[in-house]
Amino acid sequence: MFIDINCDMGESFGAYKIGEDEKIIEYITSANIACGFHAGDPVVMEKTVKLAKDHGVGVGAHPGFPDLLGYGRRMMETCPGEVQQYVLYQVGALAAFCRAHQVAMQHLKPHGALYNLAARDEKTAAEVIGAVQAYDPELILVVLAGSRLAELAEKEGLKIAREVFPDRAYLEDGRLAPRSLPGAVVHDPEQVRRRVVKLIAEGALTSIDGKEVPLQADTLCIHGDTPGAWKLAQTIREALDEAGISVAPLSRGLFA
Amino acid sequence: MFIDINCDMGESFGAYKIGEDEKIIEYITSANIACGFHAGDPVVMEKTVKLAKDHGVGVGAHPGFPDLLGYGRRMMETCPGEVQQYVLYQVGALAAFCRAHQVAMQHLKPHGALYNLAARDEKTAAEVIGAVQAYDPELILVVLAGSRLAELAEKEGLKIAREVFPDRAYLEDGRLAPRSLPGAVVHDPEQVRRRVVKLIAEGALTSIDGKEVPLQADTLCIHGDTPGAWKLAQTIREALDEAGISVAPLSRGLFA
Amino acid sequence: MFIDINCDMGESFGAYKIGEDEKIIEYITSANIACGFHAGDPVVMEKTVKLAKDHGVGVGAHPGFPDLLGYGRRMMETCPGEVQQYVLYQVGALAAFCRAHQVAMQHLKPHGALYNLAARDEKTAAEVIGAVQAYDPELILVVLAGSRLAELAEKEGLKIAREVFPDRAYLEDGRLAPRSLPGAVVHDPEQVRRRVVKLIAEGALTSIDGKEVPLQADTLCIHGDTPGAWKLAQTIREALDEAGISVAPLSRGLFA
Amino acid sequence: MFIDINCDMGESFGAYKIGEDEKIIEYITSANIACGFHAGDPVVMEKTVKLAKDHGVGVGAHPGFPDLLGYGRRMMETCPGEVQQYVLYQVGALAAFCRAHQVAMQHLKPHGALYNLAARDEKTAAEVIGAVQAYDPELILVVLAGSRLAELAEKEGLKIAREVFPDRAYLEDGRLAPRSLPGAVVHDPEQVRRRVVKLIAEGALTSIDGKEVPLQADTLCIHGDTPGAWKLAQTIREALDEAGISVAPLSRGLFA
């Protein structure tokens, strides 16, 4: 029984710093590295690939919409084909730093608005899948558990890793509870511990209204841009260690 | 006896068009494809890689400074290491489209101000060389004939292709005559023909003040963004054909 | 009886050229000048303000979404308040060149996706209106005839100019016929002439399915980025002259 | 006897935060607000203008090179006229927010590499001066004390405010000691206090090698992007208060 812990990294840009990458890298097993469209720049990318390599953390591309001003969180309309080329461009850019540091690229996880859109919109999902197939069909695609993208990517034979958010509440149907709902974000570390262990051990969560929700988790997501994220990561890591659950990068666990 | 003809391509951006790529591709053997920093975008890059592949034209990365507003033609100060990471980023981005279309990347040629700076400045040259070594030491580096970069790259054991401009006059010492000098640009097609044939057959040019200048040319550069560039390419191609000089991409000629 | 003819201008960017501003300026009375977000740059803006002034053409701001790659044509999600500040920023930037050339800014017309969104979405409309009120309540706002923005701006007491597209077909309800419908774009110059004269003289158009559609036109829009746009402008100008309809900038006609 | 204290502000961008504007605003009298080229965005600019107005702090434009990635700190080559239009564009953009909040724009201070280049290069200085003259000849130009820009702007009859850095050492000839020299940055608060009081009271500083350097200071610069900058501002403010030196914005002190 393996679980991966992933976190967005390398989201600084020039003089602008975001995230505590050096701290959080200690507790995670896969790094989603920004590729210069919504965040990140070539110097930051190089450093972050090196940081991940030095800690034995799996390197993944974290492509987003070309919207630095909106940090890739704003939905953008695109013309057919644009998303596929945007993803290819960004994956390739990161791959150059992997090559320079002789690490294999492990996975790809879309960022922000692109992640959300790909999760539910078939056309966008198809373009993300198309990019993986065109670049490297062996690349693991990190997807929202229970999403349309998860279904479609699986049908296409891609290697997928289903992602669950340990500090977020879920609805009865397995979808994330909107942040506007009271209790949508779980702040109590003790509760996060219990949820995580139950999730891995039983493959289920308790929904925001108390129902049992079956949910397959291959990787847990930590939001690196929230202050103190590394503490949440530490909490989760400890809970998993205590429960005897192995924590490993996707390529050495799920797809070893 | 082989010669390559290279041209900058894929320099359109979104709704903005530059160059007559579809016409000029008929006459050249190597395409320097812009990588999104000074020009080009993911959609344009994908199309241009495909266009080059369809015409048997060698694909090369054409990285520039991050200055779309200045088209990469303005000198920019950078911090140590930045040029190397900028080049790696752009080479990787283009490589993704090569991978998607299953073509090998043949060469790398810096653009505009980066080309000029790397030609004469040792630190910049070292970073460009470092990027090639980190990415793929087999990548051919296109350099200004007679430049400091040519020397340094050769010393490092890189594969280099020396570039000459058939429609530009040269000084006695083998450097390009500044555009401000009368006669710096050769407009007469007949004169261009003679210069090109002499250059390849004899390894020499007549300088702007009538001296014989020995100059080794591995590749001839056509400026794709000047209107009617394809006619110059056609003229040169015909001259080479008539003189019985083989025209081939660097990877199938010089480095076959 | 006055009519204004407006056209988007100054949409070049650095080395990239779009539009035939020098030709079309002869036939129009109001210029919507791009402000650097979706197109345009400071050098282009300065030149375009001067060009408009030299031809007695009214100067207007043409703000768009911050999306140079998509030319401002792609819908973008924004957070509350962002559109208002984006519009203010761009209007102010153009105003600096008006000040340098001692011309008054006449009008404001949103561009592309922002224009379309403001036309139908109340929140976006309110932010555009808010920007005009905050900057200068005397600024004329160019709006799609029959749009929600037209209604709301009028209710707020703004000076509005209703815009009609002389080469576009309309639906029975006064909305533009989608470009996907056959006949949505009117290509025949003779037909454009008749439509324009009828529109101004009778305040009506014939819809795509032959119905009479009342439509108040204060300004006619020419799309400057379609090749040969200046010929369409010339045709319209001639038709108006022959029909004895005065053509004048909004500030010297409608709001004189 | 008046002195102004200025600080760069509004240098955040989208999700990226830089500076502690809310703290430092308490101790300064003039704010140099980034205008979106090297830092800042429309939302940040609006907030920062409001913040300055609420604290009675003079609002100034802080234009930089179009280089967000390099935070405007990297020298860039420009074509003749570009600097003037870049400055006009940015001043105008900020002016829109001044207009929306009904505050007058007080001053203009170039940022980073543009500041340094304008200080010593006559062509760049002439373009900055040209922008002020074209926009509003009454705008106060903040210049490095003893610089070529100071001389030229004064000769042109502009209102200038000479800027001194209270935590930086100076050479015997009145120029800033390069940061590479030991002692170039003064860290001891007590020493900063003494230097500031001497500077205002006697119009002189002690140079890095112990010489008396006459230096006219109209405004003191605090670097807002160094952590704890507000404490330095507080220290300086206290020293000035104790010495009975009036601290006021340029428009209410020097140019009242």
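Should a chain be cited, it is by its letter among A, B, C and D, assigned in written order, with residues numbered from 1 in that chain.
Here is the rule we use: a residue touches a chain if its C-beta (ideal position, glycine included) is under 8 Å from a C-beta of that chain, and two chains touch if they have at least 3 such contacts.
Since the structure is predicted, the reported quantities are computational estimates derived from the model, not experimental observations.
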More contacts between chains, C-D or B-D: C-D
CA centroid of subunit B to CA centroid of subunit D, Å: 44
Centre-of-Cα separation between subunit D and subunit C, whole angstrom: 40
Multi-partner residues of subunit C (each touching 2 or more other chains): 69-70
Topology of the chain contact graph, where touching chains are joined (line, ring, star, complete, other): complete
Residues of subunit B touching subunit C in the complex: 13-18, 39, 41, 68-71, 73, 225
Subunit B contact footprint on subunit D (complex, rising order): 66-67, 69-70, 74-79, 113
Subunit B-facing residues of subunit A, complex: 36, 42-43, 45-46, 81-82, 85-86, 88-97, 99-100, 134-136
